[in-house]
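Pasting a structure here, questions to come.
We call the chains A, B, C, D and E, going by the order they appear; numbering starts again at 1 in every chain.
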Amino acid sequence: GSSDGDDGASTDDGASSDDSASSDDDAMAEDEGDDAVAEGDILTGLGVDAENKVIRVGLNADLSGTFAALTTVIVEGQQVFWEKVNAEGGINGWTVEPVVLDNAYDVPTHLENYDVMSGDGAESVVMLTNSTGSPHTAAISEALVDDDLLAIPLSWYSGWTDPTIGQNVFEVQANYCIEAMNGVTYMSEQHGNKVAIAGFPGDYGEDGSLGAKVAAEALGLEIVYDGQAQVIPGADQTPIITGIVESGADFVWLTTGPGQTAEIIGGAAAGGYEGQWAGNSPAWNPALLGTDLGPVLDASYTHSTYTTLWGIGDSPGMKDLIDTMRELRPDAIADDVYIISWIEGLIAQQVLEQAISNGDITRAGVLAAANEIEVDLMGLAPNQSWGGEPNDSIVRGTYLYDIDASVFTPDGTVTDDDANRGYTLLEADYVSPTAAEWDYEPCFKAE
Amino acid sequence: MLEIANLEVVYNEVILVLRGLSIEVPDGQIVALLGANGAGKTTTLRAISGLLDVHEGAVTKGSISWNGEAIAGKKPSEIVRSGITQVMEGRRVFAEMTVDENLTTGGFTIKDKAATAASYDRVMELFPQLGERRSQTAGYLSGGEQQMLAIGRAMMASPKLLVLDEPSLGLAPMLIEQIRDIIVDINKSGTSVLLIEQNAMMALSIADYGYIMETGKIVMDGEPAKLLADDDVKEFYLGLHSGDDTEKKSFRDVKHYKRRKKWSS
Amino acid sequence: MIRLDRDNVPLLFLIGALIPTTIFLVIQAVNDPALFLETLIKALGLGAVYALIALGFVLIFKATQTVNFAQGALAAAGALFVSFLVADEHIPFTTVPNPLINIGPEWLGWGLSVLVALIFAALLGLIIERITIRPMVGEPLFSVAVITLGLEIVLRVFNNDTVKTEFRALEIPWGNGGTTVGGAFINYSVIAALITAVVAFVGVFFFYRSKTGIAMRAVAFDQEAAMAQGINVGRVFAIAWAAGAVLAAIGGIFATQPPVKQTGAVEPETANIAFRALPAVILGGLDSATGALLGGLIVGLAEIFAGQYAAGESDWLGAGYPVIVPYIVMIIGLLVRPYGLFGTPEIRRV
Amino acid sequence: MSESGTPLLELSEVTLRFGGVTAINDVSFSVADKELFAIIGPNGAGKTSIFNTISQVYRPQEGDIRWRGDSIMGTRPDRIAKLGIARTFQNIELFPQMTVIDNLLTGHHVRMQRSWLAGALWFGPAKAEEIASRRKVEDIIDFLEIGRWRKHPVALLPYGFQKRVELGRALAMEPELLLLDEPVAGMNLEETEDMARFILDIQRELGISMVLVEHDMGLVMDIADRVMVLDFGTKIAEGTPAEVQNDPAVIAAYLGSEFASTSEASKT
Amino acid sequence: MFGRPNLYTSYEQESQIFSTWTQKVLAAFGILLLFLLPFDIPAITTKIPGTGWLADIPVLGRVFSWSIGDGIPLVRFLGDADWLRPMTTVFMLAIAALGLNILSGVAGQVSLGHAFFMGVGACTGVFLGGESSEALYGLGLPIWIWLPGAGIAAVLIGIIVSPVAVKLRGLYLAIVTLGLVFVGIHLGNTSWGRKIAGPPALGRKYPELDIRLWKEEDPLINVSDDGRWLWFDVTDAQKRYLLYLVLAIAFAFVAKNIIRSRTGRALQAIRDRDIAAEVMGVPEFKYKLIAFAISSFFAGVAGALFAALSGQILAEAFGLFLSVEFIAILLIGGAGTTSGTLIGTFFVVMIPQFVEEITKWLDKSEGPIGGTVGELILTDGSGDLGVINTSTVTPGWTLSVFDWNIVLFGVLIIVFLIVEPLGLFGIWVKVRNYWKRWPFSY
């Protein structure tokens, strides 16, 4: 974890001058945080503007790349979250300023942004509340450890819990692998024991496919078609469709993107396949209900995810989210991913609260605080803590929803009372026996 | 009538090529424009037909008017429609297209189908060699055949003013004679002709009026008879060496030093 | 008799590869005729969509000698226009309701709206041509090609991020419905694509024999000489781009339908149809309408058949191998004919 | 120097067809050392095609071409250049974006040895060779009086000078035989005289043999040693200028009435 | 010599890259500056009065805020972490671009497959230099093997595809090479491809840049950790910068030599007139092959450096966009010239940085100029006139700053080619010609 106290907390040789020249304009403020300064009783460092009592958190997010449609909304939601927090007086009087940089879903750009956030300039931060993408987060994970920074990845890869990086990369919610175990278990209970699997290659796709296989083995299901790592975005999916149709599976577990989900389900339906479908959370997009496939999906798809969804349930977190959005962004479309924004925000808020009460908001201090607490996600999702063993910090509960076109309000705004993107809850915080017993190990290993 | 007055043309915003050039082509006449390589003949022609743009050139001074209307700055297509057609230097046939298709493009501006057909027959009559290669790809024609095609293509537009940039380039002696007759023919049928030629003898033999240009300016003009009588024209354009000796000198005896021309002093 | 010299080797190779393939396919056809027929029809449908996109490429190439790399973005934009007019029922970029959608029976209103969408596509093509291509008259062709790459980048951002192209339905009246013939399921949109491709092909084919068509080619080969013939190069460019954009839009609409996609909705990926169709254009020959049609069909057949019958081999072929099948077919084709099957060879002569 | 008896270049019964067109039909001729041999004939007679067969851009279907007694049929064009056959082209084929110097240096390419790897490192042999070549090329530039253009891209040069540069590029190849395709087309008399002077100097002082294709009969008849006349790809006459000039077949097919009247030009 | 200011006294002098004294001094100064750029060098210790407003200007302000504030001079601005990596990227991309310039700019063989060859280099690098495990291949060899090896492997692959490539012309070639890019990314999905490049969408760790004699523990020269070089404290990022700078200079020198020597002329001749070139004694096939090989070598090495800079290899990174970026570099810089290529690379990499700086500045500034302009073009999506949206989601028809960055890249390519088809180099030539009045007086 937080090893040798390097540039973060200690005073090093650099220009440690706290000369009176600091009365300069904005641009000057940046070299203030060059080293640890005691402000009142609180130890501050890089990423903090002690004079104005501002703490900066970073979002290294995809705002113009492959997942921009999704990520921009999440980032916007988190900005709303901080607006609210700051309006209510901040965290013990400290204002939180989100620094948003676009990684364009590109690893070199992610690294460039990370250099900025981990540096000592005006955009340095104490933690990253969003680090979009798996290869991207993997590329910075070692640096996070070196820099005493923590990051919340927008990626549910099962490897983040790894002890070497798990105290810096905060996996939030169940991972793809656990999700698939739960999903396959649930589906087999409902629909039968012949399962087909199809997914992308790589961390996401193969994590999900492997999770499905683990569950299938534990439950004694028959894997009639194995499409692990076979689905390639942009390619014609005929081989997979052919495979699924010929397999005669009772249900199919997909770890794909919405486009491929539609492609495969539509193709299989045209080929006469009549089984059921389910998949990891990213495989679904409610907009699909508005397409020609709407009826098929309504009848046969089960959506799995890690959290409660917009307007479903009456947890305090959901109430807070909806109220805040209604107040600050009344025109925004009601979107389930705001829940992710809120979860990221809640984690950062509670971590910073702890750090302030510890009297240390240097990077190392924040990191230490984060590993001390259990965050309360206010019913939006299972609570979580990271400090202990991997097995203790893994979340094992997921949520399952039935897709229901009749409750689908396509462009419902946050002020709509019955804004619903087409879900009815089947199971909340569902933990399958396989998932409950799972001993930590990355399902999909790169090395 | 085409009138060019005090024309100045600059390439690439730095290279001044025409320095106050003035030329007139009265209706129904053949006017010859002679000059050394690089004098700016082709540039003059580009200015007339509006093609300077393509070469990063621009008219910076002076005027060009066609039947009283200023045409500098107009689009090439408009200029062609107003009756000026040219045979471009270096043939410029559409290499990938057949002979027939090349001729079709020549008649692009003519709507009247019968007129087009008539022009086509005329071209075929004038250049029987083209007739034999009608559907052959133009790029594989010999140099001279391409030249014929270029002239034929221009004739398809039945222009009021035909501008020819070195039509005799690369043609066999017999064909040069033919071309000369063709030009006279075309002229007789009412088309004015501006003829740019290196073959001064041929050009002056049919022209009504002649200009001689050097480095962007007209240095001498007049009736062919007057030009032919000039010593410098005789020496530098006709190869008839000075004085009473009207015998053409052999190339083997060409001196290794040159006499200065009086106009370039 | 075929002599074995350097030029014949690829040809022999091709024949050598075709014979076992044919035998394999014949066996498959006998084995399961319904599946074979279904695959064949699907392949023809995909081929028709490729051919439509390819025709758009050819049209623009024939006038400008450049490949329009923005064709994909134009396809997506065209499909978006339809989605605006039909699903959202208003005129693009405004809140003005689309009055046509309620005229007559559903299919009529839809058809009229599509027509309007195509007009919008043509306008978009014209605007793009006017702003970015017209100033390049007389400039090096490769620069123009790269301009279209720049256009692709810009248009894509507008398509994806401004409009948020997330599964916007086109509400095609027949949806992904179809009929069953001889045990094979045929999507109506496959039939529609085939008919449209043939109609477009015939149109383009005859256009090239007209005077304007010849003028267009003249412009492509030598802009200056064409101007000197009185051809209005700007007008020719405009016609080509407008027509190219319309063909792209038609291709884009079909690219959301079976057999290409099942959803009948525009998504960011719709724009990729152009890159998928590029091999078809090159295989057929960049400047040949016939080539576009045949190239499209060949590539479509190769892709779908490979996807259907080589599915078992995907481990060593690599998952998603159908994406690169078109490129492989293209490279083999070019080995035999460097200018594609029907392309005009450049005149090289001294 | 070739041994007496073997001509420098010899074409025997060469026939070249393009589909239905017979561009060259059973043509034989030979060029001796230091000779200036001219080929004339109507447009499309096959003159340029003969050049193209000699440089092996076209492969004739029949016949044989020998260089110093050895057949060069099937040799690649760049090998032909290396043997010592240089040429100019009917439609200027300079490298338009390169400067005059670079065009000439490219001509000298065949006489340079250093590989691309030596060039990449520059220092040492490659540099020495570059500078030596540059010296040779400067001599040619002086000889052709194009010094003032040396650093201009050739595309911007007036036509006449481009023709000169093309001649210079061919000379830079240090050839033994030079093929000139219409070197004075498009030139006025003054420039034609210059070009004639260069051609004669090349023949006399450098001792290079030449084959000349030209429609300017004044020039051809004055400077050629021997003339061959082609019509429709077939040889119709060969001999000294005087013989050819008075051959009725040649007059009918090519010269026309006008040529006979060169001497009476003043009458017009 | 025709009224030129530069009079040469020998062909030898004229043949040098920097042929006059002024040029030599300027070049030496420039290179020295590049070497010093990443370091902080305190020099001016007092503030300059009346220069406060300088700090208000984007980009420049970053520079001046230092020199005004703490008396640290101009060169400090790269000391900021956020400028160091982009500059290192410039050097790395410049190597690849120089290679493509020889193939496309000089020899006229337009290739959209440059990213593919970079990918080949990157994969070879990780195969030779990476550690093996049950899921991955790797030989763990030192950098002096894997870096050149990356180039050589790319050359070998280049030679394999050249029989097709050499036959093709113009856009046919461009599209076939584009196909290579797709094929290359696809190979990452095969069972053996992922053992080299790592699994798709996750990638694999790249070998470090440390220079070792063989596989021993302690590197000869440590590049991957902070440390002391001579009398400087150097961070790993600065070390990498210096390493890449040295490589870029070496490759630029080689590229320039190739272009100005016999080979370069032969390539240009083929570009301009292939048949004529052949008749002049330049074997077309051989030289196209050489051009392909050289370009692939540059690409291969650059590809390995690309992945090393990320610390990670990912097959998807070597996609079409990268290839397009190179074409943009060549065209913006001016195809065919070495200096143009270098300028073009700098421009293409740095433009997004500048755009970001400027929007940030506009967003924050309140002053008379910045404030008004900011208000005019920025919007928070509330329906005012602005076209640049400062929020991340973009309601309505405005684009976010991040989208604008991409749009601007596209627009820049378009505008550049329309305004100056010869690129930055063309602009430079024009400016120079005004002064030299070349070649005619006007």
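What we mean here is this: contacts are C-beta pairs under 8 Å (C-beta built on N, C-alpha and C of every residue); 3 or more make two chains touch, one makes a residue touch a chain.
Note that the structure is predicted; figures quoted are calculated from it, not measured.
Asker: How short can a path of touching chains from chain A to chain D be, counted in steps?
Answerer: So the least number of steps between the two chains is 2.
Asker: Central chain, going by Cα centroids?
Answerer: E
Asker: Measuring between Cα centroids, what's the chain most distant from chain B?
Answerer: Following the centroid criterion, the farthest chain would be A.
Asker: Computing the C-alpha centre of each chain, which chain sits at the greatest distance from chain C?
Answerer: It is D whose centre lies farthest from that of chain C.
Asker: How many Å are there between the centre of chain C and the centre of chain D, using C-alpha atoms for each centre?
Answerer: Their C-alpha centroids are separated by 49 Å.
Asker: Taking each chain's centre as its mean C-alpha position, how far apart are chain B and chain D in Å?
Answerer: 28
Asker: Using mean C-alpha positions as chain centres, tell me how far chain A is from chain B in Å, no decimals.
Answerer: Roughly 75 Å separates the two chain centres.
Asker: Round to the nearest whole Å and give the separation of the Cα centres of chain A and chain E.
Answerer: That gives a centre separation of 34 Å.
Asker: Please list all residues of chain B that touch 2 or more other chains.
Answerer: Residue numbers touching two or more other chains: 140.
Asker: Got the chain A residues that touch at least 2 other chains?
Answerer: Within chain A, residues 64, 68, 201, 229, 232 contact more than one other chain.
Asker: Where does chain E touch two or more other chains at once, residue-wise?
Answerer: Residues 186, 189, 275-276, 279, 394, 400, 403, 406, 439 of chain E each touch two or more of the other chains.
Asker: For chain C, which residues are in contact with chain A within the complex?
Answerer: 42, 46, 87, 157, 160-161, 164, 166-169, 172, 175-176, 178, 185, 187, 258, 261-265, 267, 269, 272, 303-304, 307-308, 310-311, 314, 319-323
Asker: Please give the residue numbers of chain D that touch chain B in the complex, ascending.
Answerer: Where chain D meets chain B, its residues are 18, 21, 41-45, 48, 90-91, 157-161, 182, 185-193, 196-197, 200, 215, 217-219, 222-223, 254-259, 262-263, 265-266, 268.
Asker: In the complex formed with chain C, which residues of chain B make contact?
Answerer: Checking each residue of chain B against chain C gives 49-51, 53-54, 75-77, 79-81, 85-86, 88, 92-97, 101-102, 104-106, 108-109, 137, 139-140, 153, 157.
Asker: In the complex, go through chain A and note every residue touching chain C.
Answerer: Result: residues 64, 68-69, 201, 229-240, 242-243, 258-259, 262-263, 265-267, 269-272, 285, 287-288, 290-293 of chain A touch chain C.
Asker: Spell out the part of chain D that touches chain C in their complex, as residue ranges.
Answerer: Listed in rising order, the residues of chain D that touch chain C are 52, 57, 89-91, 93.
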